[in-house]
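So, here come the structures, one by one.
Next come two complexes built around subunit A: one with subunit B, the other with subunit C.
So, the complex of A and B:
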């Protein structure tokens, strides 16, 4: 439930049932993986062995303001307008 | 009971790149809202970030300037949270493998060298800017969001809890700002948000090795706010502890108007960021030779300059500190000064009348200042006249020599004319002359003043002294 809240997902009772089963499956697979002896192997957080790819510091084109704001449910004077921000709900 | 104050700072510095950290949108300040945004910095699906080389170079530069270990392997992570200023709902930052660790900054406070350890320095992206409809976030009906700022490269610098007073915290931050300015990686303007600081503060019984519960203080928008907020917070915590209470681990926000900190959220409400390695960016592997080249190109740092000014130019700590803290004055001094030579007149000029005028009207061309010092040295004008010439230099495009000529301010060198002036003054004050004869020697100064007045200050006081002495000896 906490994960659903953190990810801002609204789940029905049936969905909770379904995902609970799925997640437990994932955890079981994870536990199995943890039994593999990886001593002597280097850690991998990325599947690719690509080296660092850097970009020169050059200004390119941005989107027109109208295109940027097109995705906003509510806009005002060139800004996105968002409802009152309340902290500490997580 | 007496308590020791323990402070650690977390500083964000916006890097002075032309384009953003992970996309090519402009970083220019002050554009119309949401005009410097693209699919990458808006977090639109399918977009892929790419790291700006300059941002990495600047972060490495900052790390080296802070005596850090620069890691040839570092990695980006996602920090997940929901907030309207964060379009992707995660910030790309460095968590487990930061770019730099284990550095320090050394700086003087009241003639004593202090060292504050830097725990880590890492790269991350800036969030967007929120404008609240009300006076503050709590009494706002709605907020407006501008994503022009979202994605500008930042470095976060974290100090060890080494700082022992609110004043030291402010002085440290001022020195850190100066360092960033010297190495040219940021314009470090607190008022524009390109330098920001949060502080952690706790108290512990004097001499105790056990740290107390810390409180995070946010919303520190100026050097003064940092010092005041920490003073307030130290006192608040002391009172709680003295009354037998416990400090709650929490985040508090500084309110400039009331001069207090107020609770924002407790530790229990602290967000769970669920960091994980950023899948869209490969780890950052730096070529050690590239890092070495950056190290070799590092300009002089404030502390190095301070020591050079003292050693090579014979300045006092006070004078050298002035030139270091105002780099524009320092630059001017270094352009005009002679290493190992006599730079008294120059430093006195820069720190004296010139400082006030330059702050108001901007700096003068170095050549005109050199000429001003030269004509005083040559004896073309007196020291006191040089002040009038200096003021004129800020108003007129003429050179010092031209000004002196135009205004007829050359020193009066005609000895006969001076002698006449002296005789005139003495003849005009027979009573005072009698008193001088009777032994009232302090009247000598009065006579000098009168003679200078008679010649509109254009005489060299040394010559006047000499001639006056001769005249008086003749008369006495």
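So, the complex of A and C:
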């Protein structure tokens, strides 16, 4: 339940039961990895070591606002509209 | 492809005729195969007419101008629906082209449609698509493989001459093996992923699928090379189609890792792979037994990293800027309901596992440990390539399995047993057909090369291909 909340994912009772079972199977695989002696090895986050890539800070082209907003489920006055986030006055 | 290019150049065939031929073939075979999610008949004919005009003015953009192509549906195509085989994106139309799409369009290729995949590329059989399973053209009771199952089946059935796929743990090579076509997972960083919907950005690559080694190499030459919009590709060199040299196998050191020829490997697959190895040896190659013992951990490492990265990448699908939204009173409920309704079972499973792996109390034990084991695997592969030029293995332990056969997700993950290592270590690897089993199902051979050694593995594959009967492809 906590994981589903963290993932912002609504699940049915049956789904929660199913994924809990899968999680237990999956944890066996994690435990297998924990047996591996990795000594003092650092982790790999990317297959090839690339340093931080920089580019000149120049103004480039942007996507047209109207085209981008056209994909939004709900838009208003040039913004994406979402349900109220902050409690309080309108 | 050279023949199509010659016919186009000589005016003996037009791009419009080629596109119509593909559309006919799609109409004939698609009811059974389901390789496509979207076929853009109208758009393809407009593009073909433009290509024919360019040819008429002798302004062809490349020798390949006017040749049709299919694109996996997790690669953005401007104005053309891109669903990732998810209900969440069932009507999403990207507002820009992925870099690879921009590049194939610049060469004049015609995008005929978008191919089926496992939802968000999570799977090995295309059974997890919200748009139905893709069938194997060699036996429709069997899977085409995945996640690029639609791209492989479309080429195998001759619906299109070639296609683009993506590969995170084997998603180009495994379906290529199951369908009897050639598929390349390029070196990490060789091809831009800009505009490709991310599954696991530390592993994902875009690559070509085609009926022959040369065709795959041509398509690769169109998409490879640096792109400032993908920081991992900024040092990537372009790729030029080589002159084919059968002498390349003289003295070539071929690594044969015993771990890839052990338990779980189907007898006929092993026999086909060993027969290629013997033939290479007869042609002057030197076979060298090597050990990639850490491959035992490849699937577990891959699973941990891919679920973690996927759960993070898929956070962007929240129902705010694109995709399907389920209305709710507050924003968190809206996120949860939209995601709950939009994602299918495998996507939810991986988000849950990934969220667990990345949670504060388990991050170190699972995610960080997997990253360290990944270093171990990477170092072992590097040591192997210090001794040998290429590594040859079967692509998959078995040929295509039956639809519905693998019910247990962990069992499904094992079909990437021989392919995930190339993604974890970032090296390039291709699969090409090397025979068929007793049922007539294609068998795939994997050739792995060190970072940026695509030319070498294409050369070796070209030699292997000369002795193997072609089992699939586009006919005029």
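Just so we're on the same page, the second predicted complex is superposed on the first by the 84 of 90 C-alpha atoms of A that agree within 3 Å, B and C clash if a C-alpha of one lies under 4 Å from a C-alpha of the other, contacts with A are read in each partner's own complex, and residues count from 1 in each chain.
Quick note on the criterion: a residue touches a chain if its C-beta (ideal position, glycine included) is under 8 Å from a C-beta of that chain, and two chains touch if they have at least 3 such contacts.
Since we're looking at a predicted model, the values are computed, not measured.
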Can A:59 be said to touch subunit B (first), subunit C (second), both, or neither?
-> first
For A:68, is the partner it touches subunit B (first), subunit C (second), both, or none of the two (neither)?
-> both
Between subunit B (first) and subunit C (second), which, if any, makes contact with A:15: first, second, both or neither?
-> second
Between subunit B (first) and subunit C (second), which does A:4 come into contact with in this model arrangement: first, second, both, or neither?
-> second
With the two structures laid over each other on chain A, which partner does A:78 touch: subunit B (first), subunit C (second), both, or neither?
-> first
Tell me which of subunit B and subunit C touches more residues of subunit A.
-> C
Determine, under the contact definition given at the top, whether A:33 touches first (subunit B), second (subunit C), both, or neither.
-> second
Shared subunit A footprint, subunit B vs subunit C, residue numbers 6, 8, 45-46, 48, 50, 53, 55, 63-64, 68, 71, 80, 82-85
Which part of subunit A faces subunit C closely enough to touch in the complex?
-> 3-11, 15, 18-19, 22-23, 25-26, 29-30, 32-34, 36, 38, 41-48, 50, 53, 55, 63-64, 67-68, 70-74, 80, 82-85
Can you check the complex and tell me which residues of subunit B touch subunit A?
-> 17-19, 23-26, 32-39, 42, 44, 50-56, 75, 80-84, 130-132, 137, 140-147, 264-265, 269, 271-272, 274, 277, 279, 282-286
Listed in rising order, the residues of subunit A that touch subunit B in the complex are 6, 8, 45-46, 48, 50-65, 68-69, 71, 76-85, 87-88, 90
Could you pull out which subunit C residues touch subunit A in their complex?
-> 92-93, 95-96, 187-189, 202-203, 228, 231-232, 234-235, 297, 299-301, 303-304, 307, 311, 315, 318-325, 327-337, 339-341, 343, 345, 348-349, 351-353, 355-357, 359, 365-366, 368-376, 378-379, 409-410, 423-427, 451
